[in-house]
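Per-chain numbering from 1; labels A, B, C and D assigned in written order.
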Amino acid sequence: MVRVGIVGASGYAGGEIIRYLLGHPEVKITYLASDTYSGRHIGSAFPNLIGRDLPVCASFGDTAADEADVFFLAQHHGWAMNVAPQLLDAGKKVIDMSADFRFRDAETYEQWYKTEHAAKDLTRRATYGLPELKREAVRSAALVANPGCYPTGALLALAPAVSKGLIDPASIIIDAKSGLSGAGRSKFELGYLFSEADESVKPYAVADHRHTPEIEQEISELCGRAVRVSFTPHLVPMVRGILTTAYASLVRDATTAEALDLYRQRYADSPFVVVLGEGEYPATKSVAGSNYCHIALKVDPRTGRLVAMSAIDNMGKGAAGQAVQDMNLMLGLPETAGIEHAGLYP
Amino acid sequence: MVRVGIVGASGYAGGEIIRYLLGHPEVKITYLASDTYSGRHIGSAFPNLIGRDLPVCASFGDTAADEADVFFLAQHHGWAMNVAPQLLDAGKKVIDMSADFRFRDAETYEQWYKTEHAAKDLTRRATYGLPELKREAVRSAALVANPGCYPTGALLALAPAVSKGLIDPASIIIDAKSGLSGAGRSKFELGYLFSEADESVKPYAVADHRHTPEIEQEISELCGRAVRVSFTPHLVPMVRGILTTAYASLVRDATTAEALDLYRQRYADSPFVVVLGEGEYPATKSVAGSNYCHIALKVDPRTGRLVAMSAIDNMGKGAAGQAVQDMNLMLGLPETAGIEHAGLYP
Amino acid sequence: MVRVGIVGASGYAGGEIIRYLLGHPEVKITYLASDTYSGRHIGSAFPNLIGRDLPVCASFGDTAADEADVFFLAQHHGWAMNVAPQLLDAGKKVIDMSADFRFRDAETYEQWYKTEHAAKDLTRRATYGLPELKREAVRSAALVANPGCYPTGALLALAPAVSKGLIDPASIIIDAKSGLSGAGRSKFELGYLFSEADESVKPYAVADHRHTPEIEQEISELCGRAVRVSFTPHLVPMVRGILTTAYASLVRDATTAEALDLYRQRYADSPFVVVLGEGEYPATKSVAGSNYCHIALKVDPRTGRLVAMSAIDNMGKGAAGQAVQDMNLMLGLPETAGIEHAGLYP
Amino acid sequence: MVRVGIVGASGYAGGEIIRYLLGHPEVKITYLASDTYSGRHIGSAFPNLIGRDLPVCASFGDTAADEADVFFLAQHHGWAMNVAPQLLDAGKKVIDMSADFRFRDAETYEQWYKTEHAAKDLTRRATYGLPELKREAVRSAALVANPGCYPTGALLALAPAVSKGLIDPASIIIDAKSGLSGAGRSKFELGYLFSEADESVKPYAVADHRHTPEIEQEISELCGRAVRVSFTPHLVPMVRGILTTAYASLVRDATTAEALDLYRQRYADSPFVVVLGEGEYPATKSVAGSNYCHIALKVDPRTGRLVAMSAIDNMGKGAAGQAVQDMNLMLGLPETAGIEHAGLYP
């Protein structure tokens, strides 16, 4: 059994990684770190984990590297860049959930995250862990930057159309709707209180969200030129899920059926992407609690645009599920090990 | 007191008109028609109306015209066009909540609603009842077509930018998020069950929704040329509210502050439109239960686009509130009579 | 116009009192106090109040008494007892939303609230402001203690049965289900985050909630002997509303119809209490945003028990609405002035 | 691999059994029956099951018995009693999700379900499938009646206190709060629409619910005399979960700690029951999507009552999860096989 450590175990991403790994046939959780719950069983943070056979939470420290072979770092940005180097030097595999290693260009990171990067050389050695785009690179990676939740939904919805030249990348507009768990467990702002968030939809960080450059980096790589996109995230009153609706101008005539066919080919080897039939549309409920992504397309001949839609669980394919998928690839395990179960419906 | 009749009293729009009018100082509800609840008090349909001094529900028939001076017709499309002519001939004022009289060109109606129009000449005499665009026309109208909920949110968000030539109308993309009450009370489809709709966001009628040509008609009138827009509605798990996020390319440089200023001027005489400050964004909760519309703008200099956002209560400004606002104007009453109360927060 | 001041204007109760009073025909808000929003318009706290003609928030201080004739004190317990004496000495009428003056016996307060009472003599002069039980006392009161939300729902459900000797008071069990807004706006505990509270029901403060002695005080007064009750509050994933289900053993045979008749007589002069018909049950949605209370009864001949149920809006009849109702009575105004509007449905 | 058939595959219970069994190591789904989806893949009913390796849905018919070794019958009451005899005669094991075989006394069934029983002799041979009460009987059963969701929550909360004589069974009052999925997928009544159910709590079937005699049957067996209980179900605005709050008079002094100890002993061998620590209370979210039951107790010395609380997922321990647990026991498999995964949190 491969030994796994999770740092930031009491955050939502950490808890969800634990949930997935408890059912994983090839790995064992040997280390959990959480400052808040240090010395306690993680069940005191997550009542769904009460009674599970898990190590008591530790405070992350110098000897952590001895405790596991693979580390999931589920902390806020700015943390992993100070820790990953040592873990890598010790021969560990590292999957970072934060933005620290998502940008090949550290300057972009510094500009959007207002944080000086402490491990700039590592950003070029890290692999952006979206297996549907970079499966082979992930297999051989020691350091994977787990993609942001919004970029995951947007890129899966757009990648085939961009790489096949179906749409004009400069015309891309991405409108995303997310459940509240994306805000994490430690944000005690007014807007995250139940009474404020329930029965309300609202945009935030309009044309200003930090996931924008991450989307742009990957779209630009796919089409071979620098591209800027419009991206607007919204909070909707649900716990899990991101529904992404992306718009772009077609550069050649195509029917919805042809576009769907192109996507099906592109994702034929991707077990977690489901391309829906013509006239079917994704719903976040369909993938809740799972690592799946549902994708739908509609060509609008009236306006000459493609509407590409995707649904993911922001905690699953948008975070913990994808991280385990990356781990499977990094360890040479079957890509679906431990994360193949169906979502909860209804 | 002006006598008011409401036909379709047991639907959500009908019930909400009743709720607003119960507090209206200048009118009295003298007639309620509902086939389902005929012979019963409307409190058996809407428990919030139990015990109110209201006429027992009737079945709509030939003598209805005697019962009131103003009629709200809150039925599905295809109904009002057969009834409005007689009411107008009898000198009544009519506010139709359906799509029957929203299109100046009956052919557009017939094409999108798959229904032959039975009163084509009336479509040209009807006034599209969005007071912020056509206040004077509404004042003198005998027949008002109450706008659709989505067009109300989209047009209020876009009209100033379109009419002032700030954006390219051909580039408009409208992404709308609606609560479930927009589906009405009689749609017993699987997707409207609580267990299916809760904790889920999903698009529907992508590039195909009947409110699209309604938006296009008014945008085209504002800019003086035929325009097509992309419009995608989504269902989000809440009862009331529509959050509209609209995107368009700027045709000239402008800052967010300048754009906001332009909007404030345009809506200076519109008591129900609130233009938020720079960096503030609308939430549907802020207007729930009210006739208000909150609007925000963001110029994105990186992409050269304007993001225009609005929040309304689909039952308020998107239906019943706006209908009462129209009635006030038609009767020469203060525009805000009976509908000035603040929304419910939280 | 009577001048009204609201202290604690940026809390949920404060905001709701403002909302009600904006439509009140006989009073004018002349003073708002909020430390957090001092110097700002209350619209920055409550977006539904943006643009309203209201005084800028002040910090409560010595000269407050000059600013209004009636004061609503909407602060946490332990605050009003230090302030009410001066306001009363200055001839003001005071309605306190906290628990400070709800107990005729200050020792009970001190025991349950772990706070020394600073104005013990006043507790006996204060009137418990549940108009359906003490309408005449409220009319002549200078200081009203607005009842807790749970006691309001429980007492309205039980009072007629207790006072008429239909049930054994010692057998009373009260199971209450509340929306999250009851927790107020400043409790930033984990359990009030949307992601934690949504899709979950949970009991709290079992057999230990501070509203227990308040219910007992009034039940005991109604039946003329000291009574203890079981009371369990639960949080349910909604913003507003309390559904109370109360159980008690019948001391004499009665049918549901007879019990309902007894309640209807008891509440014949209470405009805000609606006793539902046999077989009908209350729902919190039916009274959301209003000052109404819906009550239902069921006699269970199999077990010899009465099940008494009530639905209120915890922010309406459970707090702000009731406070305005009390104010109306204190000022000799019609009991329903400004608070007669119907709830929001759906 | 044991071959499993599920009849009523497109209902919520059916879909959830499929979800659990897809991850079960020892069985294979070889037969799915659904009249509505006959000839189609179950993914067209449940989007979380799109693409799964599952047999196409059939219409249940005479040859069904050939298709599997174990049958889950997930139909409405009145169906299984006509089908189970033949399946049993063919040597199959049967787990019925309906009420048809829950009552040892067919007359009770006939009285509460208003349906003549077609297989009265079988009711005495059937085993009530609550493993925590009847584990050994389930192991040797050919026909298991899967308990109702409410009885599961109530009995797990009360059984130890009843069987150990801690409480007076005649004093039991059960107040249950359920999510909407309990209503099933085919009830198209107004109250189950999102807009009607959201933001509302309401009781129903007060002192009249069909699960009442089921609870009474088992409580009576536990205490050795005929007992009647008060039971009130409520709908709360969430999809999954039942929170049960039960009240009863103590017949002897006990502390909360002692009562908890008694429960821990009673459930020591029950892997799916978690007895929480003193001062901790269950939340339905803690068990969502799982087969676990969380239990808490509070002795109220002021009133001499015990408050016993439990949380289950009505689709998990309240239906599908428990049915798989029963199957495991009937087949001699580990009790937790395929159902040990943690719930989804948050």
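Some notes on this structure:
One rule holds in what follows: a residue touches a chain if its C-beta (ideal position, glycine included) is under 8 Å from a C-beta of that chain, and two chains touch if they have at least 3 such contacts.
Note that this is a predicted model, so its numbers are computed, not measured.
When the partners of subunit A are compared with those of subunit D, the chains appearing in both lists are B, C. Just to note, of B-C and C-D, the chains joined by more C-beta pairs in contact are C-D. Using the mean of the Cα atoms as each chain's centre, the chain most removed from subunit D is B.
With centres defined as mean CA coordinates, subunit C is found 46 Å away from subunit A.
Inter-chain centre distance (subunit B to subunit C, centres taken as mean C-alpha positions): 36 Å. Centroid to centroid, with C-alpha atoms defining each point, subunit C and subunit D lie 38 Å apart. Residues of subunit D in contact with two or more other chains: 12, 179, 181, 185, 195, 198-199, 237-240, 283, 285-286, 288, 346. The part of subunit C that touches subunit B in the complex is made up of residues 12, 15, 19, 22-23, 46-52, 181, 185, 198-199, 239-240, 274, 276, 283, 285-290, 292, 294, 340-346.
Interface residues of subunit A facing subunit B in the complex, by the touch rule stated above, are 173, 175, 177, 179, 195-196, 198-204, 206-208, 228-230, 232, 234, 236-241, 243, 245, 247, 281-286, 288, 296, 298, 300, 302-303, 305, 307, 309, 311, 346.
Residue ranges of subunit D in contact with subunit B, taken from their complex: 12, 179-181, 183, 185, 188, 190, 192-195, 197-199, 237-239.
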